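Two complexes, one shared chain (chain A), two partners (chain B, chain C).
And now, the complex of A and B:
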C-alpha cells in the first residue's frame, strides 16, 4: 500500500491541461463578488484616519439620512455580534482581542469604527464620506524601535512584546564564539509586504432559516471558514455552510475570515438580511493584513575548514495592532537550520505590537530564514575566501547522515539538497561565468551569480487543523466519477491534479472525473490551502479511497462474471478479466449492477460504489529539497537589476503534473523577485500607508520576471503516492538566490544595505562609489 | 445623481438601461448585464484585469463610464469564444500553455491579447510582451503567458 506510484503513469506525471481553465478563460468562474442575492445590502467601512487615539465623538446622522442607506452600525450597534475573530487554528493564541469594529480607541490608520449598509457600494461609500469623527490623537508607534520605548498599544497588556520565544541558552555557545576560526554576522531587514491577491477579500453572508447561515467567502478552506464563523458567533458548526467555488489567490491572507469579513457576517445576523462586502484595492493595500515586516541578526561560527560550529539568531517582528496570530518567529526558528549540519543553535524572537495594521501569514511565513542564512553563507564564503558553492558542500547534510535529529530535535530524513545542487551545477558553467564576470567588470558591466539551497517542510502534521485530509470518491450509476475532497484551491489546480490521481488509480479517463471542494457541507473537514499539503495528504487519501473502490468494483465484477477478483482490472473505464476479452464490461454496467441489482452482488455487500478515506501523514514533515541559481546584471546608470538567467533544480517527489509543479515554483519565484526588488508597504511617520494603489505598490510585471529553467529529480516521499509539497518553495529560495546574485554583482562597490527591497535607488546610490575590481 | 438612458451591444446583444452618470463601464457590465467575467481588481487602470473590447479596442472598463460606451459595440471575455463554445485562439493558447492559475487576472489578459491578434491583426512577440507589461498576475510568474505569446506570435494557435 505504501509503494509509490512510478511518476510516469497514464496520468501521474503528465502535463494534463487544467479542467478549471475552461470556465476561467471564458468568464464563467464564480468568484465571491459574482454571487448575487435578492435584497443584498452592500457594506463600506468607516475607518480611522489616525493611527492612534481616542474617538471623542462620531456623527452618523447625515450618513444615516442618505437615501439608499439602510443602516450605519457602530461597535455598540453590533453588540454581541461584534464577535471575537480567531485565526486559522481556531485559536486566539493570546493575541489582542480582535473584533470587527473598534469601540473607543483606534490603533491603526484604517481601523474599522463603523459600517454603512446600503443599496449599493456607491451609496455606501457616499455615506462613509458623510461621517464625522473627532479624535483625541496620540503619537503612534510605527516601528519596532518605537514599540520598544513607547506607550502600550494595548493598555490591557503588560508590554508591547506580544510574544517572546527562544531556545534555552547553550553554555557551549560563548565558548565556540570565542574559539572559532571565523565568525560572521549579518542583519537583514525584511520590508512589509502587501499580499496582493488579484481578487481582494470578500464575503456574501446570507442568514437562511431560523438558525442557519450560508456564507460565500474568499477563503483557503471552506471548513476553517465555517468553523471560525461558527466559533465567533456561537453557532453550531453544522448550521454554517460556507461556499467558495473560485478564489482569486490566497497566499495566507484568506486563511481565516478577519475583521471585515466577520463584520459583514455580523451585520447580516443582526439585520437578518443578506450582506455583501467586497474589498477594494485601496482597502487591500492599506488594511488587509500585510506580511513579513521583521529583522533578523544572524551569527555563524566556523572552524578552520569552513564547517559550521554554531548559529545564532535574534529576530524581531512588527506585528501591528491586530495580527492574525502573534509572530515571534516560531517557524523561522524551526526551519532556520534547514538542510545543514549545525551542532549548536541559539534563537531569540519577539513579536512587537505597533500602531500599524496587523500582520498576516503570507506564502512561506518563515521565508526570512533562507534569506538570512543563505546570504550569510555567501558573506562567510567571501570572508573565509572560499567559493559559495564549496561552503555549502561542506555544510549540507549528506545522504549518509540522515535520518538525524537537527539541533532543535526535529527529524530530518529523506532529503536531497546535495543532489539538487549537483543537478543544478550540470546546467550552469560556473567557471565560464566567473570569466565573463571578470571581463565584464573591466568594461563596467556588473554581473553576479547567486546560489541557494534549502529544504521545504511540507504537509505539516501536528498542529490543528494541519492534521489530515479526506477523500470521498463515488462512481455514480452512470459510471462517472465524482470526488468530494477536503481540499480547497485558490489557483493551485486541484480539480486537475487530484482528478489525475483518481483517474490513474481507478483506471478511468481523467475527463470522467469531477472534483468538488467548494462547499463545507459536502466534503470532509480539512485545512485546505495551507502549508503545501494538499498533494501529499489529500493525494494519499485519494489513493487509499480509490483502492477501496477499485477492490469493490473488482469484487462485484468477479462475482457477476464468475471470475477471480485478482484477474479483474479496470482500464480506460472498462472492467476486464484477464484472458477473457469477451467478459469485458463497462464501468457503467458494473455501476448499474452495484446500484440497481442487489441480488447479483456478493453476499452481504453494501450496494453502490462509494468509498472514503481520511489520511494522516506519518511524519511531522515531508520535505522537498531544492537548489537554485540566478545570474543578474546591475546597471550602474540606473541601479536597475536585470535577471538574465534563473535555474530551478528541485525534488518534490513524484510530480502529479509537471506543468502545475513548475507553475507553483514560478509563482513563488515571482513573489520572491517582488520582495527582493520591488515591493514595499510604506508607512509615513503618522502611520499613513503611502503605497495605496498598484501605481505605488510595485508588483512584479511580466518584464520583471525572466523565463525560468527547470530541472527535476524525483525521490518519492514516504507518503502513499510519493508526493512532496511544492507550494512555498519558490518563495523561500527565490529571495536568497536573487539577493546573493545582486550582492555578487555589487561586490566591487561594497556590501549591500541591510534593508529590502534592493530598489534601483539603493543600488544606484551604492554604485556612486568607485568600483574596486 | 443624474440618470441616463444608454444602449450598447454587449457580446452581440443589445442592452438598454438607465444608469447613473458615475457608474463605471465595468460595474455596469457586471451588475446590469451579468457579465461577471469582467473582473475588478485595482480600479485604477493599472492591473488590466477588467480589460474589455470597446469597438474592437482594448479598454480598461474601470476607467470608463458606462455612459461613455453609449452606442458602442462591447465584447467581454464571455464573448471571446466562438458561438459553439470552442475556445478562441487566444484562449486555446493560454490553456495549452498553462497561462493561468487562480484565473482572476485572466479575462483581461485574454481580451488584450485578443485585441492584438484578432482578424487580420498580426502582432509580433515584442508587441504582445509590451502589452502584457500592463497586466498584473500574482500567481503564475507570467511563464505560461510568455509561452502563449510566443505561440500566438508564431501563429501556431489555430
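And now, the complex of A and C:
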C-alpha cells in the first residue's frame, strides 16, 4: 500500500491541461461577487481616519436618513453576538480581543467603527460619506521602535509585546562567539507588503430557515471558515454551510474570516437578511492584513574550515493592532536551521503591537529565515574568502547524515538540497560567468550571480487543523467518478491534479473524474490551502480511498465473471481479466451491477461503489528541497536591476503535473521578485497608508519576471504517492537568490543597505561610490 | 470605490458642452477617455456634481493639417494618434512620446487632449506639448483663446484653464524636416509614469543648432521646459557642445520631488546621465542622416 508511484504514469507526471481553465477563461467562474441573492443588502464600512485616539462622538443620522439605507450599525448594535474573530487554529487566546467593529478607541487608520447596509454599494458609500466622527487624536505608534517606547496600544495588556518566544540561552554560545575563527553578523529589514490577491476578500451571508446559515466567502478552506463562523457566533457548526467555488488567490489572507467578513455575517444575523460585503482594491491595499514587516539580526560563527559552529537570531515583528496571524517568529525559529548542520542555535523573537492594520500570514510566513540565512552565508563567504557555493557545500547536511534531529529537535529526513545544488550547477557555468563578470566590471557593467539552497517544510502533521485530509470517491451507476475532497483551491489547479491521481489509480479517463471541494457540508473536514499540503496529504488520502474502490470493483467483476480478483485490472474505463479479452466489461457495467443487482455481488458485500479515507502524514513535515541561481545586471545609470537568467532546481518528489509544479514555483518567484525589488506598503508618520492604488503599490509586472528555467529531481516522499509540497518554495528561495545576486553585482560599490526593497533609488545611491574592482 | 452621485450629460455639439460647463459653474468635470478621471471618481478623490461626457461630439475627434502646424482634436484616442502615418512623418517626436503613454489597452480609450489638459507632471504628452511649442485652444461660452503650452501648466494636475473652458484643439507647430527626436524615459515598468523623462526636438542647420525644444517630465510639479539649456545650445556647433555642462544646466532648471518611486536626488542624478546620452545619441544620428 505504501509503494510510491514511480516515474510518469498515464496521468501522474503528465502536463494535463487544467480542467478549471475553460470555466475561468470564459467568465463562468463563480467568485463571491458572482453570487447574487434577491434582497441582499450591501455593506460599506465607516473607517477610522486617524491611527490612534478616542471617538468622542459620532453622528449617524444623515447616513441613516439617506434613501436606500436600511441600517447603520455600530459595535453596540452587534454587541448581542459577542462575536470575536479567531485565528486559523480556531482559538483566540494569543491575540488582542478582535471584534468586527471598534467601540470607543480606534487603533489604526481604517479601523472599522460602523457599517452601512444599503440597497447598493453606491448608496452605502454615499451614506459613509455622511457620517461625522469627532475624535480625540493621539500620536500613533507606527514602527517597532515606536512600540518599544510608546504608550500601550491596548491598555488592557501589560505591554506592547504581544508574544515573546525564544530558546533558553545556551552557555556554549558565548564561548563559541569568543573563540570562533570567523563571526559574521547581518541585519535585514523586511518591508510590509500588501497581499494583492487577484480577487480581494468578500462574503455573502444568508440566514435561512430557522437556524441555518449559508455563507459564500473567499476562503482557503470551507471547513475552517465554517468552524470559525460557528465559533464567533456560538452556532452549532453543523448549521453553518460555507460555499466557495472559485477563489482568486489566498496566500494566507483568507485563512480565516476576519473583522469585515465577521461583521457582514453579524449584520445578516441581526437583520435576518442576506448581506454582501465585497472588499474593494482601496480597502485591499490599506486595511487587509498586510504581511511580513519584521527585522532580523543574525550572527554566525565559523571555524577555520568555514564550518558553522553557532547561529543566533533576534527577531522583531510589527503585528499592528489586531494581527490576523500573531507573529513572534515561531516558524522563523523552526525553519531557520534549514538544511544545514548547526551545532548551537539561539533565537529570540517578539511580536509588537502598533497603531497599524493587523499583520496577516502570506505565502511562507517564515520566509525571512531564508533571506537572512542565505544572504549571511554569502557575506560570510566573502569575509572568509571562499566561494558562496563552497560555504554551502561545507555546511549542508549530506545524505549520510540524515535522518537526524536539527538544533531544535525537529526531525530532518529524506532531503536532497545537495543533490539539487549539484543538479543546478550542471545548468550554469560558474567559472565562465565569473570571467564575464570580471570583464563586465572593467566596462562599467555590473553583473551578479546569486545562489541559495533550502528545504521547505510541507504537509505539516502538527497543530490542529493542519493534521489530516479526507477523500471520498464515488463511481456512480453510470461509471463516472465524483470525488468530494477536504481540499480547497484558490487557483492551485486541484480539480486537475487530484483528478489525475484518481484517474491514474482507478484506471479511468481524467475527463470522467469531477472533483468537488466547494461546500463545507459536502466533504470531510480539512485545512484546505495552508502549508503546501494538499497534493501530499489529500493525494495520499485519494490513493487509499481509490485502492478500496478498485479492490471492490475487482471483487465484483471477479465474482460476476467467475475470475480470480488478482487477474482483474481496470484500464481506460474497462475492467479486464488477464488472458480473457472477451470477458472485458466497461466500468459502467460493473457499476450497474454494484448499484442495481445485489444478487450478483459477492456474498455480504455492500452495494454501490463508494469509498473514503482520511490520511495523516506519518512525519511532522514532508520536506521539499531546492537550489536556485539567478544572474542579474544592475544598471549604474538608473539603479535598475535586470534579471538575465533564473534557474530552479527543485525536488518536490513525484510530480503530479509538472506544468502546475512549475506554475507554483513561478508564482512564488514572481512574488519574491516583488518583495526584493518593487513592493512596499508605506505608511506615513500619522499612520496613513500611502500606496493606495496599484499606481503607487508596485507589483512586479510581466516584464519584471524572467522566463524561468526549471530542472527537477524527483525523490519520492514517505507518503503514499511520493508527493511533496511545492506551494511556498518559490516564495522562500526567490528572495535570497535574487538578493544574493544583487549583492554580488554591487560588490564593487560596497554592501547593500539592510532594508528591502532594493529600489532603484537605493542602488543608484550606492553606485555613486567609485567602484573598487 | 464607487463614485459619489453626479448628473451626467453627453452633449452632441461643442456649444451644448460649453453651455453645460457654464451652467455647472465650477462643479462640472469633463469626461474624455476616463483613464484618469474614473479612478479618481471611484476613490472619491474627485466628486463633481456634473459630468460632461464629450465623447459624442464629432468635431472633437481627429487630426488635421493646417498652415505650418498639425491640429489634434482633444478626443482623438492616443492609439489613433499613434497609428497616424501623417503625424509620424511630420512630428516623429510626438509619435515617439505617444508610444510610451500608458499601455496598449489604456491608449485605446485615453485621449490626447485628456492627457494634455490633465497636467500629470510625470506624463509624456504635456511635456511633449511644452517642448514642441504646442498651443492649446480652449473655448467657453464667452469666446476662445489659444494658450502656449509653456504657460499652460501651473502645478500638479493644475492648469490655467478656467472651469468653464473646454480644450477644443491642440496645435503642434511643424519642425523642419530632418529635426532630430529627443526622447528618453526611465520608468519602473513599461506603461508606468516616468521617474525621469526628457522629450523634445533639435533642428540642425549646417551642423549648428538652429532650433531646440526640450522639456522634462517627472522632474517637478509641472512639465519643465529646459529654456536656458535650449538657449545655450542655439547657434552652437552640435559636434562641439559641452554635454556635461549642458546636462548640469538642464538639471538645474528642474525641481524634482520625492515619492514612492524615487528620491529627488535620484531624479537629478539620472536626469544628468540621460540628458547627455540622449542628446548626444540623437544628434549623432541626426548628423549622420
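Definition applied: the second predicted complex is superposed on the first by the 770 of 773 C-alpha atoms of A that agree within 3 Å, B and C clash if a C-alpha of one lies under 4 Å from a C-alpha of the other, contacts with A are read in each partner's own complex, and residues count from 1 in each chain.
Here is the rule we go by: contacts are C-beta pairs under 8 Å (C-beta built on N, C-alpha and C of every residue); 3 or more make two chains touch, one makes a residue touch a chain.
Please read all numbers here as calculations on a predicted model, not as lab measurements.
K.L.:
Output check: A:199 vs chain B and chain C. Expected answer is one of first, second, both, neither. What do you get?
P.N.:
The answer is first: A:199 touches chain B but not chain C.
K.L.:
Counting touched residues of chain A, say whether chain B or chain C comes out ahead.
P.N.:
B
K.L.:
Check the residue A:163 against both partner chains and state whether it touches chain B (first), chain C (second), both, or neither.
P.N.:
A:163 contacts neither chain B nor chain C.
K.L.:
Which of the two partners, first being chain B and second being chain C, lies in contact with A:114: first, second, both, or neither?
P.N.:
A:114 contacts neither chain B nor chain C.
K.L.:
Tell me the contact category for A:678 with respect to chain B and chain C: first, second, both or neither.
P.N.:
In the superposed model, A:678 contacts chain C only, not chain B.
K.L.:
Can A:17 be said to touch chain B (first), chain C (second), both, or neither?
P.N.:
first
K.L.:
Just chain B (first), just chain C (second), both, or neither: which does A:33 touch?
P.N.:
first
K.L.:
State whether A:662 touches chain B only (first), chain C only (second), both chains, or neither.
P.N.:
In the superposition, A:662 touches chain B alone.
K.L.:
Return first, second, both or neither, reflecting whether A:701 touches chain B, chain C, both chains, or no partner chain.
P.N.:
Both partners, chain B and chain C.
K.L.:
Give one of first, second, both or neither to describe whether A:638 is in contact with chain B, with chain C, with both, or with none.
P.N.:
second
K.L.:
Pick out the shared contact residues on chain A: the ones touching chain B in one complex and chain C in the other.
P.N.:
Common to the two interfaces on chain A: residues 122, 280-281, 693, 695, 701, 703.
K.L.:
Could you pull out which chain A residues touch chain C in their complex?
P.N.:
121-122, 125-126, 129, 280-282, 637-640, 678, 680, 682, 690-693, 695-696, 698, 701, 703-704, 759-761, 764-765, 768
K.L.:
Which stretch or stretches of chain A touch chain B in the complex?
P.N.:
15, 17-18, 20-31, 33-34, 122, 196-200, 246-249, 251, 280-281, 490-493, 659-660, 662-663, 666-671, 693-695, 699-703, 705, 707-708, 730
K.L.:
Spell out the part of chain B that touches chain A in their complex, as residue ranges.
P.N.:
Touch list, chain B to chain A: 20, 22-23, 30, 35-44, 46-47, 49, 76-78, 80-81, 87, 91, 94-96, 98, 100-107, 110, 129, 132-146.
K.L.:
List the residues on chain C that touch chain A in their complex, please.
P.N.:
Going through chain C, the ones touching chain A are 1-5, 39, 43-44, 186, 188-193, 195, 259-263, 265-266, 269-270, 273-274, 277.
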